[in-house]
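For reference, the structures are reproduced in the following blocks.
Below are two complexes that have chain A in common, paired first with chain B and then with chain C.
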Partner chain A sequence: MRLLRFILRRLMLAVVTLLTLFTLTFFLMRAVPGDPLTRTKEIPEETRKNLEERYGLDKPLHKQYLLQMERIFIHGDFGTSFRTVGREVNDIIREQFPVSASVGLVSVLIGVLTGVALGIVAALNRNGIIDRFAMFLCVAGISVPSFLFAFIFQYCLAVYPLTVLKFNPDTWLRPAGWGEARDFVMPSITLALGIIASITRMLKSQMIEVGFSEYIKTAKAKGVSLVRLVVLHQIRNAILPIVSIIFPMLVFTMSGSLIIEAGFGIPGLGRAYMTSIQNSDYNVIMGLTVFFGGFLIIANLITDILYGVIDPRIRVG
Partner chain B sequence: MNQRNQSPHAATADDVLSGELFKPQPAQGSSAEQLSRPVVGYWKDALLRLSKNRIAVFSLTLILFVALVGIVGPFFFPKTNDDTAYENAQNLNFLNQSPTFGEKLLVTEDSPAALEELVKENFDDKAPLLKADLLKAPAQLSVRGLATVNGVSLQWEPILGVSGYQVYRTVVAGQPISLEDVSKDPSVRGLQVGTVSNPAQYTFTDGSGLNPAERYIYSVVAFVTDPATQEELVSTDAAALEVGLTQTISLTDAASLKTDVQAGDTIRGHKHIFGTDALGRDIFSRMVSGTRIDFFLALLVPTVSLLFGLCYGAISGLMGGKVDMILMRIVEILDTLPELLLLVLIQVAIGKGVSSLVIALCAFSWTGYARVLRGEVLRLREIEFVHASRLLGAPLMSIIFRHVAPNLLGVIIVMWSAHIPRIITSEAFLSLFGLGVEAPMATWGTVLQDAAVHFQQYPAQFFLPAAVLAATLLAFYTLGDALRDAFDPKLRGRD
Partner chain C sequence: MFTRSALGLSRSALTTLVAYATLTLSFPAFAQQNTQADRRNNQEIFLNMGDEPPSMDPNKGVDTVSYFWLGHLFEGLMTTDKNGNIVPGTASHVAVSDSGRTYTFTIRPNAKWHDGKKVTAKDFEYAFRRLVDPVFASEYSFIAVTAQIQNAAEIIKKKKPVSELGAKAVNDSTFVVKLENPVAFFKSLMAFQAFFPVRKDVVEKTGDKFATAVDNIVGNGPFKLVSWKKESSMRMEKASTYWNASSIKLRAIEAPVMLKDVGAAFNNFRTGGLDITGLDKERLETAQRERLQVKTFADGGVFFLEMNQREGKLFANIKLRQALRIAISRREYINKVTGVPGDKPAFGLVPDYMPGASKTYRQEAALSYRDGDVAGAKKLIKEYLAETKQSKVPSFSILAGDSNNAKKESEYMQALLKNVFETEVKIDSVPFKTRLQKQRDGQFDIVSGGWGPDYLDAMTFMDLFTTTNDNNHGHYVSKAFDDLIVKAQRSGSMSERVKLFQEAERLLVVTDSAIVPIIQRGRAYLLAEGLQGVRRNQVGQDPDLRFASWNGASAKK
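Up next is the complex of A and B:
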């Protein structure tokens, strides 16, 4: 019952936040000089009028605002693109979101598995070779921006093998492209690096902290075997905070990375967003902004509920 | 036990504690309260810890070095002929050049115009020579343009009536072969790098597997094809030329470096330690002058955001109640705004450039400071000395600057130093999307943007500046980590 009340309250807050986001974006877009029609080449007055009527740009601003709000929040219809005739924003989201989401999902999967393994090993052999390697990877993964890694991988894994070593372009990785399983490799590794870095770092410090705790000492004193001690007592307790950061990470990665999608030629939502801003394509900007906002809010809500399931101490209330 | 009793004091049987055994200690006054070891305060302790961290000291040195190069470097740029800054000066004779270090270059004859005349005059309706032993070696074999690892362009005077030319290459290293050997003896000419099957063509470019450290002997022989047997009859004599890479320069290219040069002169070539870009601009000088803008942004944006966020957060935290609630709701709403949209808006409103970048980057980042510093202020304002100051009637501003701000300094330094590399990253990221500064201006981001377009053909153009960027960011991050360790004792020992 308390959970239900919590969810209801959060949902109401979500609607308010989305409405604010909608309002701000609406007026911000209108504040940018030049509407979607003036950005293209000169068009006759007649055509212009027809177009304005068709897209509702001839109505006064407050009317446009109310109409658009009604269309989006009551009918769930984001309208059509101003740039590509007849292209529904809902279709853009339906087609391109799964692309971004799948790349994000694969990267988080790779990142979490590698990060957890590396973090545990690094904590267990402190100051060893693996630990040093892992810590270097962490610093590099956090400080070097992912777009540099994108270029490095593109050159070392695709361009160099294909042009200099003459690998078969039909089977080897392509520098850019989308549609086959192999096209997942480079974007996922690039995105996974940052995830590996933060998870390894966090898990290692957690492992060390748990290692000093009283219950580990007690278990040791009772003569629990080393494997059992590490797996059941140390890792299990250290991994808890990691679980709580994975979900927000997943949400963030799934909403599409601009640079990765542009660099590797992936038709995802991040790229669609960038183009829509460059073209001042009102409906697409609005649709994607509200979609991302809603996605983030719902994801945060689920995260908060999940926290309680994982760790009873912070159960929502 | 026994032994202890036999010590000299205990030995005397009638040992009495008499008054003369005791002497009064002279009064020490305030010195008794003095600490025997030097006082190490918060700041001194932090600095001490920082200077003991070798990685941090190295990072700091690297950052200071980069900053110094950025400040001083532009004063040492060569003069340009017109008023353009050296980093923006284009040299169309040297496009997409690999790194060069100002080697001594031999100026060689180049006379493509004369050769073209010759071809026009002599290559119409001329009957082919058929006897190979009548063929002579092509005359005037020379290097055209700059011989670099990317390619060695050869040119020679065409011979009337031949079917084409074969080009050979051999390495000088180790074996003492003279040019004469190569021109007489076909067995030492080495690898055949190509065939030119057009008699009127007098150039050939060899571009594969060249090593900058080697010296090569190129040889060109003419051949005729027997119309009956299709057999290639190769001349015995070859024209041979020894080529050291990036050591020669054609007269035209040399003229663009220095006035009045002649063939046979030795001149010092350009120094492009990072090479040149697609417009023939020196990439290193672009990076150096970009350092100024990047470091300016990286210092200004965090500082402005910090000052604004500090005031905002401090007011919100100290006033509390309704003011706090409203101010924090504003922050939350601003945080939901799409950043790119805001950036485009600002750029359209006041034009692309450093100022719109500063405004946009500040607008995105001050809220973070406001949020964290408000929390700190909330914690600090319940501390006794702030209560006391307030009771004594100190005005709000004086409480902020005398009591709250100094205690926030640790947090502030940690946040501020972590913010710097993020600004440099943002600048590069935005520039890659064409949202950075206006075109001719050089920043690290625009250098990367220019090189990113064709980084598959010229990877060095992208990866050398990228390495500088990555190293600087790495240094800033490790320094930031070290500062956090030094200023925040609670975090000490964690990774």
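Up next is the complex of A and C:
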């Protein structure tokens, strides 16, 4: 009952947040110089008038605001792109979100699994060779921009094997492309690097911190076996903060990375978002912003609930 | 393997995604087979167009990516041959009246749409009316005014109904276009996308969804669209319905990826995943070292400085504008700043490829002057200072974009102008749309502008700087210039027009120095060995692959 009330309250709050997001986006977009019809080649005045009428841009601002609000929040219709003729924003989301999401999901999966493994080993094996390797990876993963990694992977994993080693282009990785299973490999690894870096660092320091705590000392004194001690006591407690960052991380990664999508030719949402901003494509910017907002709010809600399940001390409501 | 994937599918959407990804990841052997050697044997071309086409509706497309596809999928009354000459297309014959104001086109009896229906004069009538329909609001409607089709301007302004357009289907095979004035390049206009035929039944059936997917695009050109994955890939194949299908050697043209990133496209090219793709100067050296075939062409664009001549603005002064024109060394600018092979200096506004009466316009109307003349420029500035009784030129700013290239260009100009004008020169570096808004509002001293041709006639550049043109950002006002342009608009004689344009161009660039032309833009691209007949155009579909084919003899590598 308490959980249900909690969820309901959060959902109501979500609507208010989304409306605020909508309002801010609506007016900020229009405060930026230029509109969807601002082109390198000026559109003749009469044509511009005709176009404004067609797209409803000739209506007073408050009317446009209310109309768009009604369309989005009552009919669930984000409208049509100004740039790509006939392209509905709902279709953009329906077709391009799963692409970004699948790449994001695979990279988070790779990132979290590798990060957790590395973090544990590095903590148990401080200053060992794996620890040193892990720490190098952490620094690189955080400080090196992902387009550089994309470039390095493209060269080392595709261009070099294909052109110098003469691997079979039918089966080996291609530098950029989309539509086949192999196209997941390089973008996911590139995206995963940052995730590996942050998870490894965080888990390692948590593991060490937990290692010094009173209850670990007690368990050691009681003569608990090393495996039991590490798995049931140390890892279980150290991993808690990781859970709280995984969900927002997942949401962030699933919403698409412009650099990865542009660099590997992936038809995802990150790319659509960037194009829409460059073209002041009002409907697409608004649609994607509200969509991402809603997605983030729901993800946060789930994180809060999950947190309570894992750590009984935290109770929602 | 199948049982495993079936298991995954029965779970929630989340597990499906994971199962799909992990399962397929471990079996890359499923990858589709298509190497460059296969493409040679099958006469297929893979190319990167960089982006999704914003509009596949011929009446709406205004960008080069859309034009590339449309130019292969459709064909106008006229078309171009493999040398770029204007020849009859869907019309087999065109008769021009003595006044030069009436064009009668006869549609080929064997011209067919991709679904087998006959192309009729009605399809053209529908498309021409749709282009100027104010409710439809095509961004390209002005081209009908340029073509001087009777009543086009009034229809766009909603002063006359669409049915009054001077373009009518007399019967299924006869299409008559009436003009307000003779237009010397009218036939060449009839080869361009905005005047392609459009099927009324398809538009009415699909409504707002027209031309947004494979099954609602029906063309009449040499190729037929067979696949379109949004933001990902597109493919067209030779259309057997095309009246001149025997002249088409290619079986298919495909954009297997839509890569905005030049580096990624370069990697795909060098691993055999693409046969044509653009090249930037950063990768030029690598391409040459790897002995890839690098080609260059003029992409049609001309870049120039526009000076704000509104009252009270610094560059309202003619001497300062003239100083600017002669101070810049165009050669040095290309060598030091742009560095793209194929870039050429621009002394006039009209680029070198523009046709004239019998040769090119530039061959018939030469224009050159000494540039890089800092001493001469300083002399003019001294005169300006004496006339205005000032000791120093007031500081001014250059409005520029915020891309890396734009920054490099404006920094070069800043250093040069600081030296020449001996005053402070600032750079106002802003995002793309902000720059457009500012130049439109006249909030600048100098802005770097550019123009790409809409059609193959000098007018596409020359009418930009008439008093009322919206693209005249610097507000150049000259009655003499306007008169010359109007005369050229009304003249049906190409040789007379060349003379008028020459006079107007001299006035604009030399005498008044209202703009300072700098470069004619070139582009480099990579072309696979053995691929022949690829034509690069400044107007219309680019690249034009209708006459391309793989040369069987050199199918090695």
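Methods note: the second predicted complex is superposed on the first by the 302 of 317 C-alpha atoms of A that agree within 3 Å, B and C clash if a C-alpha of one lies under 4 Å from a C-alpha of the other, contacts with A are read in each partner's own complex, and residues count from 1 in each chain.
Rule of thumb we're sticking to: contacts are C-beta pairs under 8 Å (C-beta built on N, C-alpha and C of every residue); 3 or more make two chains touch, one makes a residue touch a chain.
It should be emphasised that the depicted structure is a prediction, and the values quoted were computed from it without experimental measurement.
Trainee: With chain A superposed, do chain B and chain C clash or fit?
Mentor: By the criteria stated at the top, chain C and chain B clash after superposition.
Trainee: In the overlay, answer first, second, both or neither for which of chain B and chain C A:142 touches.
Mentor: The answer is first: A:142 touches chain B but not chain C.
Trainee: Looking at A:214 after the superposition, I want to know if it touches chain B, chain C, both of them or none. Which is it: first, second, both, neither?
Mentor: Touch partners of A:214: none, neither chain B nor chain C.
Trainee: I'd like to know which partner A:106 touches here: chain B for first, chain C for second, both or neither.
Mentor: After superposing on A, A:106 lies in contact with chain C but is clear of chain B.
Trainee: Give one of first, second, both or neither to describe whether A:178 is in contact with chain B, with chain C, with both, or with none.
Mentor: second
Trainee: Which of the two partners, first being chain B and second being chain C, lies in contact with A:28: first, second, both, or neither?
Mentor: first
Trainee: Contact-wise, after the overlay, does A:85 reach chain B, chain C, both or neither (first, second, both, neither)?
Mentor: second
Trainee: With both complexes overlaid on chain A, does A:155 touch chain B (first), chain C (second), both or neither?
Mentor: After superposition on chain A, A:155 lies in contact with both partners, chain B and chain C.
Trainee: Which holds for A:293: it touches chain B only (first), chain C only (second), both, or neither?
Mentor: Once the two structures are laid over each other on A, A:293 reaches chain B alone.
Trainee: Report the partner of chain A that touches more of its residues: chain B or chain C.
Mentor: Counting residues of chain A touched by each partner, the higher count goes to C.
Trainee: Looking at the overlay, does A:20 come into contact with chain B only (first), chain C only (second), both, or neither?
Mentor: It touches chain B, and chain C stays clear.
Trainee: Flag for me the stretch of chain B that overlaps chain C after superposition; candidates: 9-17, 63-71, 189-197 or 351-359.
Mentor: Residues of chain B that clash with chain C lie in 351-359.
Trainee: What is the shared patch of chain A, the residues that chain B and chain C both contact?
Mentor: Touching chain B and chain C on chain A: residues 32-34, 151, 155, 159, 163, 175, 262, 278.
Trainee: Could you please specify the touching residues of chain A with respect to chain B in the complex?
Mentor: Within the complex, chain A touches chain B at residues 17, 20-21, 24-25, 28-29, 31-34, 135, 139-140, 142-145, 147-148, 151-152, 155, 159, 163, 175, 201, 204-205, 208-209, 258-259, 262, 273-274, 277-278, 285, 289, 293.
Trainee: Which of the residues in chain B end up touching chain A in this complex?
Mentor: Residues 332-333, 336-338, 340-342, 344-345, 348-349, 421, 425, 428-429, 432-433, 452, 455-456, 459, 462-463, 466, 469-470, 473-474, 476-478, 481, 494-495 of chain B touch chain A in their complex.
Trainee: Chain C touches which residues of chain A in the complex?
Mentor: Residues of chain A touching chain C: 32-34, 38-47, 50-51, 53-54, 80, 83-87, 91-92, 95-96, 98, 101-102, 105-106, 109, 150-151, 154-155, 158-159, 162-163, 169-182, 184-185, 262-265, 267, 271-272, 278, 280.
Trainee: Using the touch rule from the top, collect the residues of chain C that touch chain A in their complex.
Mentor: Counting only chain C, the residues touching chain A are 14, 17-18, 20-22, 24-25, 27-35, 52, 54-57, 60, 62, 134-139, 141-142, 156-157, 208-212, 229-233, 256-261, 263-265, 267-268, 270-273, 432-434, 436-438, 440, 450-451, 469-471.
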